[in-house]
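So that you can tell them apart, the chains are marked A, B, C and D in the order they are listed, and the count of residues begins at 1 in each.
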Amino acid sequence: MKQTTPLLEMRGITKRFGPLTAVDGVDLDVRAGEVHALLGENGAGKSTLMNCLFGLQQPDAGEIRIEGTPVRVDGPRAALRHGIGMVHQHFKLVPSLTVAENVFLGHERMRAFGFLDRAAQRARVAELSERYGIGVDPDAKVKDLSVGAQQRVEIIRALSEDVRLLVLDEPTAVLTPQETERLFETLRGFVAAGLGVVLISHHLSEVCRIADRVTVLRHGRRVAAERVADVDEHRLAELIVGKDLPRQTKEWGRGTPGAPKLEVRGLHVRDSRGVELIKGLDLTVHAGEIVGIAGVAGNGQTELVEAIAGIRRPGAGSIRVAGVEVAGRRPRAARVAGLAHVPEDRNTRGLSVWSPVTDNIVVGHLDDRSLGRPLLKPARVRRLAERLIERFDVRVAHPGVFAKRLSGGNAQKMVLARELSREPEVIVCCEPVRGLDIAATEFVHRQLVEHRDRGAAVLLVSTELPEILSLADRILVMFTGEVVGEFAGDRPSEFEVGRLMLGMSA
Amino acid sequence: ACGSEGTPAASGGKPAAKNMVAPLSGQLGDKSFMDSANRGFKRAETDLGVTVKVIEASTNDAPAWERNLREAAKRDDVGLVLTGGTVVASTLKKVSPAFPNQKFLIFDAPSQGPNSTGITYAQNEGAFLAGALAAYITKSPDKFPKAKGSMKVGLCAGMDIPVIRDFIVGFQQGVKTVDPNVTVDVRFTGDFVSPQKGFDTASAMFKDGADVVYQVAGPTGIGILKAAKEAGRYGIGTDSNQNDLHPGFIAASVIKSVDNTVYQAIKDFTDGKLTMGETRVGDLSNDGVSIEFDDAIVPADVQKQIGDLKQQVTDGKITVDTALK
Amino acid sequence: MTDTTAPAASPARARLSALRPSPGLRQSLIAIALGLLASLIIIAVIADEPMAAFRAFALGSFEDVYSFGTMLSIATILAITGLSSAIGFKAGAFNIGGEGQLYAGGLTAAVVALYMPGPGPVVMVTALVAAAVVGAAWIAIPALLRVYFGVTEIVTTLMSTYIAIDVTTYLVKAYFKDPQSGALETPPIPQETWLPGILSPSNANYGLFLAVLLAGAMALFLARTRLGLRLRLVGLQPSFAENVGIASDRTLLGGMLTSGALAGLAGGVAILGLTHNFIDSFSPQFGFLGITVALIGRLSPFGVLAAAVLYGSLMTGATSMQSVSDVPFALVFILQGLLILLITSQGIRRRGAM
Amino acid sequence: MSGLANFLALAITSTIPVLATAMGGAIAERARATNIAMDGSMLIAALVALGVTDKTQNVWVGLVAGVLAGGLFSALLALAAFVLRCDIIIAGIALNLLASGLALLVTVVVFHQPGTYAPAGLPTLPHVPLGPLAEIPVLGPALDRQSVLVYVALALVAVAWVVTHKTRFGLWVQAVGESDEAALAAGISPVRVRTTAIIASGLTAGVGGAFLTISVVGTFNTQTTNGAGFIALAAIIFGRATILGSAAAAFLFGLAVAASLQMQGGGGLLDPQLLHALPYVTTIVVLAVYGVRRRRVERFAASDTAYVPAIIPRD
């Protein structure tokens, strides 16, 4: 085994973004016929490294060799020419184009005079779909496909040329356990056919199940390269975080439910085209309780939260926040009634990127007359901001810094500082720890639990099952706009919830 | 001209009376009365030894006209301030009292006070002759082979403003005087700056049967005359001699002799004969307004008939209606 | 300017850094320098005596009281239209129809001044208020379409400008024409309704104080009031503002109506302070220039004042340049285009500042 | 009958500058590169076409020069947006100002014609007689002797349609218009696609601009376009940036212009000055209908977030 040249060798790859060195002299070897896992915390540099390989970014230093030959990858098309295909962390598909058009975008099959050869593209997609057993309809528009199907389109695209090395960046993040299993089946097929696979994932159990070897990055550096057979999940976690970890996962305890605080009855929501996204949903969250909503992204969770927060107008139904009817009213109504909303889309709805931290926080407290009336008193405004910055541990040079300059975790803490400092009766949050590292995640979770214990009703929407399982007192599963299952009392297994998320009966 | 800037009037050289500034309410190059006035200035410079410094301004910048007028008026090395255009009259009325010792000449508008002389033009009289010619054209396809004898003539104007109305009433009266059965199609393009729109409008008028279209639309009129050529009918030009723009298609031009009248006023000023506070009227009798035929198009007998009409106007036998006052 | 919050760090350093021009101001200054350099080059190519021409262009309005006052009278209008654009931008709307609102407001002011009985000052104030109201009314349709139906205000406000010019022309012709005049204009308004003049004989007038007052009020509004904070947040990121309970639609509507009102008011000030009657050529694009002035002033109210003075001096300078050279007025438009590009450039900023 | 034909003929002539301009503009709009500077491109093209026609006495050379000038000028927009990184809308406004300044400067300094530039004896583009076809009722007389640019503009519609629907470039425009991320991942440079689309919009605006000066009238002033570039933009918005939709909207504006000129002939229903505003009123009404039909936009839709403040504040 040692004398065969690796399929891919990356040597001393370095990539800087201004003062930040995202990838710092990293080496990576991938052999034909293996699944190679690439691990690391958020922001460790995994995607950046793979973007350098795929030509989406140019490394500042380092060398890439394919089967021993140094190559220059100056763009995705060059990568495909060298036999490298990539499935991106965030889907990079054009919604209104067909599957075939997406698959060949950038390397179209052409006829004379710059005209597209649609027939040839369609035929090739059908052939690939057949060969790898990945079912897709070449003529379907991508926007009409489910997330899983879009994932398959991404994979077909990665394979559309003669690919020898396939990179998958967090392909399982949006998949149910069942879909993940199917994907792994496919990957095993590739490996058997002699392809090399690079897999990026945060799910260590998956990694242990499918990968042959693993490379771990921390703060842009390679800190370990191991054979999976030689390590276990716990050891991998320690390598990733860089310190010893307790063996147990965090246990948050249970709440003691009181009176209903958030009541949703018969909620219907349609999108602008009239498609029903939520079909008659009922839901109650009591004081002192965290209700978790599990579901594959796109099954109406976002719309549910938006309807409660007043951002989306429901077609029918009732929403009561602390007894006040808010359905169809502006966000202000719900806020006045005592709602706090930590939105999924942090940078568009959660904070004002071009405003200073002060404004971002103070805007939640404008009803506070002690800030000065009619004119705001700048000194008092700043004092309030500083107090909350300290209480919520937002790490920022001074309160005049623009929210844009905050890192993800600090930005989220700033959002919490605004929303939770109002002592809300109902807290609705959607993916509150997306993109946060372990310390920040724990801070956010603790805040939620403390407010629950204080007597707030918390609705937590997340596609991360472990988060829901560890925090929620009660779990609801949403599928195609309906609640299809509820777990109270004993914690269910991931697999049980996963079945419901896919629409299978429990 | 070699009169250098700022030469004090007293220190010999040129007396202040020979230094003139002309802050205008528009730009040169309008192929119309600004250019015509400028010809008058130039002739005065060569013939009379005066200097005329022209200051242009944007056509939509009334504050700048006032500014330029004041700048010119306050200089004591300037003997006469020249300006022109109906639009600038109210500005002059405001400015001139502040400079009682300065003398102003305004063309195309009446005098605005005891220290200004005005020159106005009887455009209605010129338009009257144009109307008469238009009526003859549509009545006599035998003499004007491009006409269809439709008994329909047109006037295409820019904006509907008082001066233009003055043209219109004169034109209509001219047509009716020759033949009351000829109908007049009057249309506006809405502005003075769109030759293409002038072309489109006039083309439509020709398609609707007009044998001849008289343009009173400033730069827009260039398109109107072009339409006459494209349609193979006749156009009548305005303000300056436009007969050569499309030889064979422009039967005549009604001319406002801004150049001559302005030149004459400057000459009178240098001779000490320009009376302040009075308004000179350029009309058919003093050739301040006249009609210039294209002899290749308009036969001598028609020219003669129109000459008779002109005589009747100057004799006072015919009074041409006016839309002003 | 309204966004600065004193750093919590050492007070001495804070004071020092306050003396340094802020990066935004620095970019404006660099842009102005580059713009003037470009003008100098153009002048050098065209003019026979480039230095005299450039001198007249850059300094022409600071030579004597009259020129200075004239410049201020122009700057007054530009400041108000600049504030109009700035409040629109701050609220997140692009009102390029200031010119139309200015026409509507101008005619309104003239008509009120002509026909309303009563003591001069009362008529004057009523005329200005009416001008502002009509200015706001003139933007109402584009504003409602933008806010409630997502129709781009860029096209609709521009189109409403053309309409305003046609409609005011028609109204003057049909109802308010001066019978004494051959031009299409209203009679001169009574002298007691004029905005009182300063720096005689120039046209500078009390409108200047009004502009300064408005700038101060707007600065206070944006920096110190709750509504001002809400408006800024809506302008920067409507989806965020909505989410934190601000009615982004009503706020935006209010911002656009205010923008229209200010442009209308500017028209009123131009009539009562500058031309003293309504004639369709009363505005050398005052409304449109407001956009440039607002951008040069970086949307800060006092920045707008400074930019208005700068711009006013360029406009009067360009006129006086014409009397000493043959450089056309067109230079101002070129300079204006260049300034906007240089000032709003993010590419230059990245290298230059920070 | 002939009244209708006249009306139609007028509508067709009035449509051309807007239609031609809207074709490239629609492509740029599809690539999410709104070209507000099309009006400026038209102005520059109108002047260059006239000047070159005058100097060479060859109207075809003038046409080509005008079209190229329109393209070149719009390249400045790409430069401003992608190199100087200005907001594309504001850069467009700036370039429109720059265009009127440049046009005036060139008229004065190069052609020594203050204000209006109207060279004498200028050759103009041919008008196409239909011969026997002119006998077809209504349509025949409406199309007879129209400028050759009518056919050029119609060809542009066809070309633009084929480009957007059948070619690789059209696909890339669509991809860039929907998602930069997706385009980048496919190795397509959004900047390059947008630059090409913007230049294309400048070229077609060049056709529209040249029409204004060398089709018939042979004169130029800085108000030659009269906002036609903006009306083209409105047509694009109304046509949802589709080729045929934008073309239809452009024709609607042609009809409005024709109506404003022709309604006076029929006895003067309205004051001519108010009729003059008809095309502009139509623009607003049409956009309003479009907006209302689309119904209330979902409040603060996600696209809001793409909004970048005119001047990015600094901390």
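In this section, a residue touches a chain if its C-beta (ideal position, glycine included) is under 8 Å from a C-beta of that chain, and two chains touch if they have at least 3 such contacts.
According to UniProt, the chain labels map to these proteins: A = ABC transporter ATP-binding protein; C, D = ABC transporter permease.
Just so it is clear, the structure is predicted and the values come from calculations on it, not from any experiment.
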## Note on the structure
In the contact graph of chains, the distance from chain B to chain C in steps is 1
### Query
If every chain is reduced to the average of its C-alpha atoms, which one ends up farthest from chain D?
A
## Note on the structure
The pair out of C-D and A-C sharing more C-beta contacts is C-D
### Centroid distance [mean C-alpha coordinates] between chain B and chain A, Å
75
#### Entry: Separation of mean Cα positions, chain D and chain C [Å, integer]
29
### Query
Roughly how far is chain A from chain C, going centre to centre by Cα mean, in whole Å?
47
### Query
How big is the gap, in whole Å, between where the Cα atoms of chain B centre and where those of chain D centre?
35
### Query
Counting only residues that touch at least 2 other chains, which ones in chain D make the list?
114, 271, 273, 276, 299-300, 302, 304-305, 309, 312-313, 315
## Note on the structure
In chain B, the residues touching two or more other chains are 56, 159-160, 190
#### Entry: Residue list for chain C, restricted to those that touch at least two other chains
3-4, 166, 169, 173, 236-237, 239, 242-243, 329
### Summary
Here the pairs of chains that touch are A-C, A-D, B-C, B-D, C-D
#### Entry: Parts of chain C lying in touch with chain D, wherever the complex brings them together
3-4, 22-24, 42, 46, 89, 92, 94, 96, 141-142, 145, 148-152, 154-156, 158-160, 162-163, 166-167, 169-170, 173-174, 235-239, 242-243, 248-249, 291-292, 295, 298-299, 328-338, 340-348, 350, 353
## Note on the structure
So, in the complex, the side of chain B touching chain C is made of residues 5, 21, 25, 53, 55-64, 66-68, 70-71, 74, 85-87, 89-91, 93-94, 98, 108-109, 120, 159-163, 166, 190, 324-325
### Task
Enumerate the contact residues on chain C facing chain A in the complex.
3-9, 220, 223-226, 229-230, 232-233, 236-237, 239-247
### Message
Taking the touch rule as given, give the residues of chain C at its contact with chain B in the complex, in rising order.
### Response
66, 70, 73-74, 166, 169, 173, 177-185, 188, 201, 203, 270, 274-277, 279-285, 316, 319-320, 322-324, 329
### Query
What does chain D use to touch chain B in their complex?
2-3, 5-6, 9-10, 13-14, 113-118, 120, 127, 145, 211-212, 215-219, 221, 223-224, 226, 257, 260-262, 264-265, 271-273, 275-276
